[in-house]
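Shared between the two complexes below is subunit A, which has subunit B as its partner in the first and subunit C in the second.
The block that comes next holds the complex of A and B.
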């Protein structure tokens, strides 16, 4: 037994060491000291009032991306970075004065790795960041980016911790509390008398954030709450059974789609058929190879993006993404794509040039993003605006899964 | 009635742990090493079975056999390339290599099969009487428990009755002395890995039949839980792995149902600690004096 204990301790040490490894990245070089750009004559025409410079935007900007490309959460990072790459290619193909260089680094959704990835990108002289994709990583790199004054827009890190106290950090996705509130509103409007069960993952900031806001609105109707952790997300038979015993007719799932798939399967196997309501993390459930779409029939998904929309922008994006990755893009891919275009629009509105220092670019872009007359319409919403806190304002869309596709109710 | 349905979900969860734990305990008992790559061999077994059913269109039973064959070869190759050169090295070096192999398999699987989950169609699905299925006892759970018992009995017989089994027990007691008696230690250990990996393939297929989704990290968490189960039952003991797995599953389900879903894991490990304090070798482990 002593041996096993020793081995376990040794293992813990190995992991701890592995986590420290490679942390000694050299102190990042600053972006090249740019010549102070000749102050362009204030052309008071269409530039937002707060924008410091109003010259013609030009040059090749270096955009760095951080997301998990390997490991457990790899599908999110690959999707978001793939979407961003498509936007970069499109913009470069336009041949306009503003061009992008894009480099994506893998963080395996681990905060330490994200900081290493960030340092790598800083050595590469990144000027603007798209990332990180997951909340934990994003919180870690956001404070670095704040100290270095690098303008950052995350496609999908939705916790309010990401943006709190950092004026350079903006989000493309809903914040978790907003999503919880939207879910509560939807359920109380459409199922006024419903008894609600919630199954959420209590070691995940995303899931807990949504659940807390949902709970605050709905606490009177909630008859059962079940939790799970990363370690126990393969079996939900107990939680599903308990929700059934509590008589819940709506089950709210503020979780990602893999555990949700298991929940749907296990509910079906005991003949329990409530209305399942999911959040944007549920997006992707239909893309799983071999998934039996009848399991998800009638499931409600709150998502800002649907690959089955028929507008020109979505259709063109979906075909490009499919060509590059061989599968349908999910909401993360659309968020990544929108991030690059929102930055592109803001660069043009601010009139920044690529030879400016990252501090100047950062301040100019912050001014544009928070100004009243900057709004962006893309794949994941129309007329999105950003608050000074970095949160995006856009409408959530509810879809009902019918015959294996998203349908607006 | 509700109690029974919780009990059954505990049993079906536990039987999956048990079948994985059998592989762990077998390799530990004979090669005296913790093969942390075992969980990932399970994942490979799941993928092979998935591919042969969905892409080659082979029937379920043939797919399971193919998956066992591939995993056996994989297990022997891993043992030959990664562990055999370290036979004289410290056990810590072997352990770290095992962790490395585990990451290698996960990332190789990601390269080959991608990260989007595959939905595994159950190979053990048959209609159950209404009265039984309404209690939450699925056909997969029945098949898992049954195969677990069959495997356990077969393994026990193999180890105690056959010549190869005798060689395995000899290696487990004293490698040096076994070699002096004319036993081919390397071959015996390779054989152990072959059997362990074939078991992993079965475990993978049953795990995926129970829980449907298949991703490159599918095996890692159940692998660690099963390791816990093997320690709980007494590592190295074949019936111990079965008992440990089953108890772990039942305790987990009961804790979730009657105490708190938040504390379920904490309760499972608290029970483990208490058992190990009272009986340091695990429930069915034999106390062997440590040679220094």
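The block that comes next holds the complex of A and C.
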């Protein structure tokens, strides 16, 4: 009898959950008409009028997003897709001829799940893709999207493998090698003669990609390199002590912010105070729960986005994101937001309409993105342009954490 | 038909069921009535069926707990990818390269299985579980150190233990292509796997595993599982038979890995982590330990379930877990079994032999 009761209870739970899930599904694509007239980003006029415009852009485009919404990497996917959703809502609220429908699918940061998510979106008749968020997934999805001729702009998949040999793939974030090079340039300019230590995660494509480029530039100044893996990112006492013993006065951390919080805490506890230099994955460190943000004082973050910037666009985005998600947006969210607006501008410049086929939209958008006079300014940079390889060109920004906020040095 | 034993009937029913399912799905696919999402499930389902059936050979038939089955899949996947990609110019036919890749994947995984199995299977107790768990982790880390590329001079392999090397250290000529880039995984893979190939592999796996179980060797393996001392007393070489089951299982997992790896444009070694091993174990346990057709159904249903729940968005993994618990409860429910027993009178006999 008890077992039957248990079964019944469990079934009731499934249906209750199913009901919740069902209700939330359509909400994702509806533009909130009630929302205050969203200000378009200051730059939406940047799109060149003399672009190869075939006509007036119009129609409702279906944009698909792929990112990890569950699993270990869920925060990146939720942030990027949340940012994209805000941009879609703003554009729809403008009421212009170009409208967007947006659907995000979960891939758990696993490549084969990403391909399933991609095909689910294809069944939904996706015309343009924002994704995938993580590099491994994006490499797998990119080859599918290339075969199907679907234009794709990834917010954060930063490896060069994502775009290699695929003319339809574009990146909103820096490539890993570019970021490593930018870090090396910054350190050699601002800290000449410095002894540099690197602590990186050697089972992570992102971390290794940045480190390889950084090492190629800086190998003479590097006195210590420490590694860790996903399974060992809770204790860095060995690496931090070794960096201290090697006499490093700059520690470069091409890693995400969660392990970085542990490194900062452990460095503090042994009285080691070098200059820590983080990459864009370091963004978010100030909001990490249970982390004493004062430990991050003086840390250099080479991030394209800072939630504490005071320009109108950032302030408006941050408040909207906080309203929707209850936390400060990180650079993933900003990248997602910029992706949608870059696509929006390109659609207008290309003059494509929603009833065109994927191939036509793809070719037209590729032509616009790679044209010399197309540039986009948004949350993560001014005057971004794209090369034919799909890589973005924008200025890296470095911030120093001072009194708990990002300040330009 | 009357003369056939019940077990033989079940085996033929399994072959027939799989073939029937294949014919139906294949004709639907050719008629274009499958959605894109469904099309993308087919090859991974075939891979995971092979994974589940081969793991069942170890867990259900041989009675050992293996927690590193994904490690063999990983070995098969990456060796298969290297084989298929480095032969691109030598063998233009994709199908031939796929077959070669699957064979190479199976051989590499079998050798690895042999190396792992020889010392461990001599021991009594749960050592296999511990060692295979560690093996899964080791393989993941080893492949993170592996840099492989090929150019006109052939294959270049670099083992990056110091962590300071990258693809440029392979010193390939200009036409060189990197296949595995350490932690950045295998990239630029040409997709070779097809549903038809998947079906063939599933059938070969079933034929190998079912014939092994019903053979003299299979009975010896099960005797060792049921009572090691009794088995030893009648002269059965315990280690040998356990090793046969384990290595066969590893080889099949390697073949499944090669099929899986060649179905995607990119693959990371972290895909084959502990979670994947456990996932396959869940397929096996849910399908029924020792029941081969159960593994086939378990893998198919549990692969489709989270994908079919996509419309529930964020709740899907939660519901997936609840459904898992439900199925476990339901399949162990005495009343439900009694009910089934009344509906299908012969079920009792079928179950004990399944």
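The definition used in the following text is that the second predicted complex is superposed on the first by the 355 of 409 C-alpha atoms of A that agree within 3 Å, B and C clash if a C-alpha of one lies under 4 Å from a C-alpha of the other, contacts with A are read in each partner's own complex, and residues count from 1 in each chain.
Rule of thumb we're sticking to: contacts are C-beta pairs under 8 Å (C-beta built on N, C-alpha and C of every residue); 3 or more make two chains touch, one makes a residue touch a chain.
Owing to the predicted nature of the structure, the values given are computational and were not obtained by experimental measurement.
Enquirer: If you stack the two complexes on chain A, which partner ends up touching A:292: first (subunit B), second (subunit C), both, or neither?
Expert: first
Enquirer: Let me test your reading of the model: by the given contact rule, A:310 touches which partner, first (subunit B), second (subunit C), both or neither?
Expert: A:310 sits against neither subunit B nor subunit C.
Enquirer: Between subunit B and subunit C, which makes contact with more of the residues in subunit A?
Expert: Touched residues of subunit A are more numerous for C.
Enquirer: In the superposed arrangement, does A:205 touch subunit B (first), subunit C (second), both or neither?
Expert: Only subunit C is touched by A:205; subunit B is not.
Enquirer: Of the partners subunit B and subunit C, which touch A:136 in the superposed model: first, second, both, neither?
Expert: After superposition on chain A, A:136 lies in contact with subunit C alone.
Enquirer: Give one of first, second, both or neither to describe whether A:189 is in contact with subunit B, with subunit C, with both, or with none.
Expert: neither
Enquirer: Which holds for A:70: it touches subunit B only (first), subunit C only (second), both, or neither?
Expert: both
Enquirer: Kindly classify A:265 by the partners it touches after superposition: subunit B alone (first), subunit C alone (second), both, or neither?
Expert: First partner only, subunit B.
Enquirer: Is A:227 touching anything from subunit B or subunit C once the two structures are fitted on A? First, second, both or neither.
Expert: Touch status of A:227: both partners.
Enquirer: Jot down the residues of subunit A that show up as touching in both complexes, subunit B in one and subunit C in the other.
Expert: In subunit A, residues 3-4, 7, 10-11, 14, 70-71, 202, 227, 229-231 are touched by subunit B and also by subunit C.
Enquirer: Show which residues of subunit B lie in contact with subunit A when the two form their complex.
Expert: Subunit B residues touching subunit A: 2, 5-6, 9, 12-13, 34, 50, 54, 91-92, 95-96, 99, 107, 110, 115-121, 133-134, 136, 138, 210-213, 215, 217, 221-222, 224-225, 231, 235, 252-253, 256-257, 261-262, 264-265, 276, 280-281, 290.
Enquirer: Show which residues of subunit C lie in contact with subunit A when the two form their complex.
Expert: Checking each residue of subunit C against subunit A gives 35-37, 39-41, 44, 137, 140-141, 144, 163-164, 166, 168, 181-185, 187-189, 191, 260, 263-271, 307, 310-319, 322-323, 325-326, 329-330, 333, 335.
Enquirer: Which residues, counting only subunit A, touch subunit B once they are in their complex?
Expert: Per the stated touch rule, the residues are 1-4, 7, 10-11, 14, 70-72, 74-75, 78, 202, 226-235, 237-239, 241-242, 245, 258, 261-262, 265, 269-271, 284, 287-292, 327.
Enquirer: Would you mind writing out the residues of subunit A in touch with subunit C in their complex?
Expert: Listed in rising order, the residues of subunit A that touch subunit C are 3-4, 6-7, 10-11, 13-14, 17-18, 20-22, 24-25, 28, 69-71, 105-106, 110-112, 115-120, 122-123, 135-136, 139-144, 159, 161, 164-165, 202-205, 207-209, 212, 215-216, 225, 227, 229-231.
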